[in-house]
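The two complexes that follow have subunit A in common; it is paired with subunit B in the first and with subunit C in the second.
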Partner chain A sequence: MADKNGFFDLSKTTLSRRTALKGIAVGAGLALAPGFVRYSQAQSSAPIKIGFQSHRTGIGAAYGRWYEKTSAAAVKAINDAGGISGRKVELVIEDDGTDPARGAEVVNKFAKQHKTDIAFGTLFSHVVIGSAPAAGENKIPYFVVSEGHHVASTKLNRYVFQPGITDVKSQIQSMAPWIAANAGKKVTQIFPDFAFGYDHRDYLPPALKAQGADVIAQIAIPPTESSFTKYFPQIPAETEVIYHVMVGPAVLTFVKELGEFYGSNRPQLFGFMDSLEATDINSPGLEFLDGSHFWEGSPRYAQADDSAAQKAYRAAVGIDDNGAAVGDPKDVSTASHMFGCWETLYVVKKAMEDAGYKGPEDRAKLVEATEALKEFAEGPEHPQGPKTFNGKIHQCFGIQNISKVEGGKLKVVHKTKIEDGLYEPEGDYTKQAL
Partner chain B sequence: MHFGPHLLLAALEGLVTSAVLALTALGLSLVFGVMRIVNVAHGEFFMLGAVLAWAISTAISGHPAIGFVAALVIAPLLVGLAAFLAEWLVLRRLKYNPESTIVATIGMLYIIQQLALTFYGPEARPVEPPFSYRILLPWFGYSGYKLSVVAASAVLLVITWLVLTRTKIGLIMRATQYDRETAQAFGIPVERVYAGVFAVGAMLAAIAAVLIVPISQAHYLMGQDPLLLSFIVVIIGGLGSLRGTVVAAILIGLSDGIISMFFSPTLAKIIATLVVAMVLVFRPQGLFGTTPR
Partner chain C sequence: MRDASPAKTYALHIGVIALLFALNFVLPDYHQGLFARIMALAVFAMGYNLLFGYVGLLSLGHAMFFSAGLYGAGLTVYHLGWGVPEAFIAGVACGALLALIVGLLALRTAGVAFMIVTMMFAQVFYLLILYFATWTGGDQGLVIQQASRVFSIGGTSFDLTDPTVRYMSALALFAIVLLVTLAVVRSRFGRVLVAIRENEERTKMLGYDTVANKLAAVVASGAICAASGAAYALLFGYVGSNFASIQYSILPLLWVLLGGAAATLGPLIGTLFMYYVTDITSGFTSAYLLIVGVALILLVLFAPKGIMGSIRERWLRWLT
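Moving on to the complex of A and B:
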C-alpha cells in the first residue's frame, strides 16, 4: 500500500517517542473501553439475550425444570438453524422462587443488569401478574407461558404477551359443550385459591350455563394445602361431575384422597392436567382415575396420529412415548404446558425478524411486530397445532385436547376447534402508549 | 353429607394430624427442654426423613411393605446421624448460646432444604403405603393406612414416655434438663447427652415423616408446615413438657380438622395462632409447663 504522505515512515516525521507512546495508550484505552467495541458488534453478531424467568424453586419447581429443558431445546434448534436474523440466541436464567415479588425483581434484573433483549417466562399466574408492572416500567417485552386469562383480560400492560399457550377462558369455553354432553349436567368445581383458580371459578359457570349445565358448588383450596379429605364433604351428593384443577406439589395427594373418599362409586371426573402435571398417572392409589377425563394442552402420551412435527418436538425435548424423560421413566414431564415455551420462542424469532430487531432500542418495534402477527401454522415451530393470534389482547387461540385415562395411559378422545375458544376481546392493548 | 358423618370424618382427619404432630412436636420439645435450644431446622429433619424414605423404598424392590419397613428403620437413623453431626459441627462450637443457635439452625434449615433440592429435585414423589386397605363406611371411604398411623404414633409416644420415666437414660436426660450444672457435677457427660437428645429429637421428626409420606408425598418444602405447627403445639403445651406436648397436639390437630372442615382451613390457622397469643399472655409457661428456674 502506498504511503504517499509518509505517515508511517517514522524517519521522515517529527514524531517523538513520547507522542508515540501517548498515541498507543489512547488507542489501547479506546479498544478496552467498555461498550466501545461490543456496542458496534451488538448490531451484527452478538447473541440475542433472552432473560428466562424460571420457577427453579418454590411450589412451581417441577414446571420450572421442564420449562428450562424445553426452552433449551428450542434455543438449540433455533441456533442450529441459524439463530434469529443470523444472530445466536442465549438464555439468561434467573430463579423467581415461584414468588411474585421475586418475579418482579427478576424482570428488573433482566432489564437493568443483564440488559437482555426481552424477558420470557413463567407459569404461575400470581408471578406473572406480579412481574408485569416491572416489564411495563422497564419497557421490556415480557413473553409468558402462563395459561391464565390475565394477559388476554387486558388488565396487564402493552409489554406482556402470551403467544404460545391458550388462556383458561378460551380453554373452558371450548370444552364446556363436551363436558355438558358427555360427563354430566351438575358440576362441582375444585380449584386453587388464587388467580389461576379464579379464572376457572369465573368462566366455567357461564360457559356451562350456555350448554344447559350448572355449577352447583365451588370449592377453593389454598395452593400450599397438603391434605384434602377435609374439603370433600362440601361436594354435594347430587354432583354428577367433579371438575378439578389443582396445582403444586400436593396434586398427587389430592387425587389419591379423592379416590379413597369415593372408591369406585364416584361421580364422573373431569380434570385439568394441572392436577397431575409431573406426576405419573400410574402412581399407587390413582387406579380409580381409570375412565376419567382430562384436559391436555399438548398430549403427554404419544398418540397414534401424532404429526411428524410433534414427534420431532418430543425427540428434541427428550421425552419418551409416555411423556417421561428419556432414560428416566419416573421423571414425568409437564407436557400440557411446556410446549408453550417452544412455540413462544419461535414467535419471538418471527416477530424479531419481522421488526428488523437490532437491539434494546428496537423494543417498541418488536412490540408492534408481535401485535401484527395473525396466525401460526402447525409445523415444527408450532407442534401442538395451528393457532391464531389476536394482537389487541396479546393472546393466541388454539385447539384443546380432551383425553381419557385408559389402561394407564391418556388417549386423546376429542380435539376442539380454534373457533370454539374465541371470545369478544375485553380491551385493546394497542391503544396504550409504548 | 349429614352432621354426624361429617363430624366423624373431621375427627378422623384431625386425629391423623394430631398423631403426626405429636411426634414431631415431641422432638422439638425434647430438644428445647433439655438443651434450651430453639431448633428452627426441626422441620427440615422431618423433610429429610420423608425424602430418605422415598429413596430407601424405591431402592428396595418387592412388596411395598418391605421397603416401607426398611425406610421406617433406616431413614430415622440416617437423620439422627445428620443431626448428631450438625450438633457436633455447629451447636457445640457455639456453646449452645440461645441467640447464636437460633441463627445457626436457620442456616441449617436453608442448607438442608437446598441440598434436598439439588440432590432430590423439586418434584413431589410418592411412597407406596405398606398396605392399602380402604375402610368402607356407610357415608364415605377412609384410608385404613391413615388409622394405622394414629396407632403407630400412639405406640411410639408410649415408648418415648417409658424411656424418659423408667430408664437410666431417661433419668440422665431429665437430670440434665432440671439443672445442667448440678448434673455435670454429678458426673453426667452433659455434652454427650446434648448430642444424643438433638439426634433423638430429629429422629422423632423423621419417624413422623416416614409415617406421613405414603399419605402426602415427599417434597423439599414439606418441612415448613410441621415446623410452624410444632412451635404452636410446644408453646401451648409448655416447653419441655411431654404431657403438655401430647395434649396440645391432640387439641390443635382435632380443632384444625374440625374447624377447617366446617368453616375454613384459614380460620383454623387463625384460631391456633390466636390461642398461642393468649397462652403467651396469660400463661407464658404453657398449659403444663413449669416456670424455668
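Moving on to the complex of A and C:
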C-alpha cells in the first residue's frame, strides 16, 4: 500500500486542526452543492407507482376502457401540476379479465412484482371482493371505484377504500324522496336476479317506506333471460312507477318489449344509468324511454349549468357534449361511474401528501391518513360535486343526479343532497389491526 | 401395461415434489404466490384427470365439485365459525357426496349425453348458488377473513395468509393427491379403470362391475376436486359463484389436455403452462386469450397427447 515516499502511508499522516477544518468545510460544501442535492432528490423523486387493475377484457371491458382513459387524464393533470409531493405519478396497468381469481393475482403482482405503492381502479363487485383478501394480506392500500356496498358493509378489510364514488345503498336511498314526491307512490321493481338486482330489491322498499310510498311488486328476472314479455303481466295494474335496473345486452330488448306491452299509456319509468352505460340513448328500440327518468352519478350530457370544473374535467378526459369520445360519437362513455377514477386519484394524492408518504414502508400511514379525511370540496379535483368521507367505513357520500330523457338527451332535473344518502355505519374498519 | 418401473416412476414424482419444495426458497415473492395457486388448482386438474384421462369419461360439470369444496369449506367458516381443518373436511365431504349423487344419475348415460348431463347438473349447482345469495353471497361472493384462516396443530399455529405457510400447505395437498393418484392408477382398481376406457364391454365380460368402478372413480374425482376447492377457499380467502360457472368446468379439461391426459404429472404441467402463458402475455397485449388459443391449437396439432403425453411417447416410456 505504501510507496517508497510513504505517500500513502496513513500511519505517517498527521491531522492538524487546520486540515480538519478544511475537511469539514469541503464536506459541508459538497453536501450543499447542487450536484449532491440533485442526487439526494433523485432518491425520493422516483415516480409514485399506482397499480391500475383494469377490466380490459371480460364483461367489464367497456367500463375498463373508459376507466383507463379517465385515470390517464387524471394522472396527466396531477403530473402537470407537480405530481404528488413533487413526485411524478405512473400508472402500471394489468388486466384482470373481470375475473375475481385473476384479480387477486393482479393485486399480488402489484404488491410483489411491480412493487406499486397502491392498487386502484376496480369496478366489478366480484372482482373487488375476490381481490380484497390479497390486498389485506399484502398490506397494500386498494382504492376501488366500484359503487358496490361491499366496502361500506365493512366485510372486506382495512386496506380497501372507496373514496371517489358513492355506494349503491346510498344511491338508492337518495332516489326515494324524489320518486315518492314526483313519480308516484306505488312502485313495481323489475331487476336482474343476481347481486346487483338484490341491492335494489333490498334497499329501495325501506327507503320508499320512509317517504310514504310502497313497493307493491318485485319482479326478479333470471340473468339468462332474453325475452321479457311473459313477466309484464305480473306488473300490478295500479302501478304508478316502474323502477327498472336491467343490465347487459338484454336491456334493448327489455325496453322494446316493455314499450310494445304498454304502448303510449304507460306508468312513470325510473331507471339506473348502469343499464345504459356505454350505450347510445338514441339506439333503436330505446324510443320508449323518452320522458322517463334515470339516476346518473355524473351527467353524461353537458348541462347548461355545468361548473368550470366539470367542463375542464370533460375536456381533459376527452368527452364531447353528448358524453361520447371526442371525434367518435359512437364511442359512448361510462360517465356515471368513471369520474370516480379521477376523484379517487385526487383523494390518493391528498392522503399521500397528508401522510408524508415516501414509499411502501409508509402504507400504514397512508391508510390512517385516508381514514382521517372528512370532506372533499367541489372543484377541479372533485368535479362531480362535494363529498363527505366516513373513515370508519372507508366510503364517501355525495350528491346524485336525476335526469330526464328529453329529445334524445339526458337533462338533469334534480340534484340530491349529501344527507339524502347517509345511513348508519355497519361497522368500523379502524378497529382492525394494520 | 408398459414397462413397469415403479422405482423410476416414484423417484420422478418425489423428485418433482422435492423440486417444488426447493422452489419455495428461491422463487421471487410473486411467483411463490402464483405457484401456491397453481398447485392448488393442479389438484383440481388431477381430480379431473382421474376421470377423464383414466376412465375416459369427459365431464363438463366438474366446476360443481370444485365449488362444492369451495363453499363447503367457505360457508362453514363464514357462517358457523368452524376451524380450518374441520372446514376442509366438510368441503371434501360435500364434494364426495355431491359426486355420489351426480354419479348415480349421470352414469346412466355415456359419451356426449354424459357431457351434457354433467354440464346441466353443474348449471343447476351454479344457479342454486345465485338463488341462495343470502347465504352464499351470490355472484359477488364472500371474503373469508384473515383471522378465520389461522389454525393450530399440536400447539403450533399456522397462518394460511403467510406466503410460506400457504405455499407449503398447497404443496402438502398437491403431494398427497399426486402420490395417491399415482398409487390409484397403478393399482388393480386403476387398471380396471383403464380397461373400461379402452373397452367397457370387454371389461364387463371379464366379470368386472363397470358401473360400480366408474361410480367409485366419479366419487374419487369429485372428492379430489372438492379438496382443491376447499383449499382454494381457505388459502386465498375468497368464495364466489364464478368458480361454479362453465368456465371452471372447461379449464381443468384444458389443463389436462395441455399437460397430457392419463399422465399423473400432466395436470401440473398443463396448469403451470396455462397460468404462465396468461400471466406473461397479458403484460404485452389485451388479446392474450388469443395467444392462449393459438398455443392450444399448436399443441393439439403437434402434440395431441399433451406435453407429458408426448414426452412419455418419445422419451420416458415407463412413465405412468
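The rule we apply is simple: the second predicted complex is superposed on the first by the 357 of 434 C-alpha atoms of A that agree within 3 Å, B and C clash if a C-alpha of one lies under 4 Å from a C-alpha of the other, contacts with A are read in each partner's own complex, and residues count from 1 in each chain.
We take it that a contact is a pair of C-beta atoms (placed from the backbone, for glycine too) under 8 Å apart; a residue touches a chain by one contact, two chains touch by 3 or more.
These numbers were taken from a predicted model, which means no experiment stands behind them.
Undergrad: Check whether A:I129 is in contact with subunit B, with subunit C, with both or with neither, and answer first, second, both or neither.
TA: Touch status of A:I129: second partner only.
Undergrad: Looking at the overlay, does A:F261 come into contact with subunit B only (first), subunit C only (second), both, or neither?
TA: A:F261 sits against subunit B, while subunit C stays out of touch.
Undergrad: Is A:S45 contacted by the first partner subunit B, the second partner subunit C, both or neither?
TA: After superposition on chain A, A:S45 lies in contact with neither partner.
Undergrad: Quick check for you: in the superposed arrangement, does A:S227 touch first (subunit B), second (subunit C), both or neither?
TA: A:S227 sits against subunit B, while subunit C stays out of touch.
Undergrad: Where does A:A237 make contact in the superposed view: on subunit B (first), on subunit C (second), on both, or on neither?
TA: first
Undergrad: With the two complexes superposed on chain A, say which partner A:T57 touches: subunit B (first), subunit C (second), both, or neither.
TA: Both: A:T57 reaches subunit B and subunit C.
Undergrad: For A:L156 in the superposed arrangement: first (subunit B), second (subunit C), both or neither?
TA: It touches subunit C, and subunit B stays clear.
Undergrad: Which partner chains sit in contact with A:L252 here, subunit B, subunit C, both or neither? Use first/second/both/neither.
TA: So A:L252 only meets subunit B here.
Undergrad: Go through subunit A and flag every residue that touches subunit B in one model and subunit C in the other.
TA: The answer is residues 56-57 of subunit A.
Undergrad: Where on subunit C is subunit A touching in the complex?
TA: Subunit C reaches subunit A through residues 28-30, 33-34, 37, 130, 133, 137-146, 161, 236-238, 240-243, 278-279, 282-283, 286, 288-289.
Undergrad: Spell out the part of subunit A that touches subunit B in their complex, as residue ranges.
TA: 56-59, 61-62, 64-65, 222, 224-227, 229-233, 237, 249-253, 256-257, 260-263, 278-279, 283-285, 330-331
Undergrad: Touching residues of subunit A toward subunit C in the complex: what are they?
TA: 56-57, 94-95, 97, 99-102, 104-105, 108-109, 111-113, 125-126, 129-130, 132-134, 136-137, 148, 150, 155-157, 193-195, 198, 223
Undergrad: What residues of subunit B sit close enough to touch subunit A in their complex?
TA: Spelled out, the residues of subunit B in touch with subunit A are 1, 5-6, 9-10, 13, 17, 64, 117, 121-126, 128-129, 132, 134, 136, 140-143, 215-217, 219-222, 225, 257, 260-261, 265-266.
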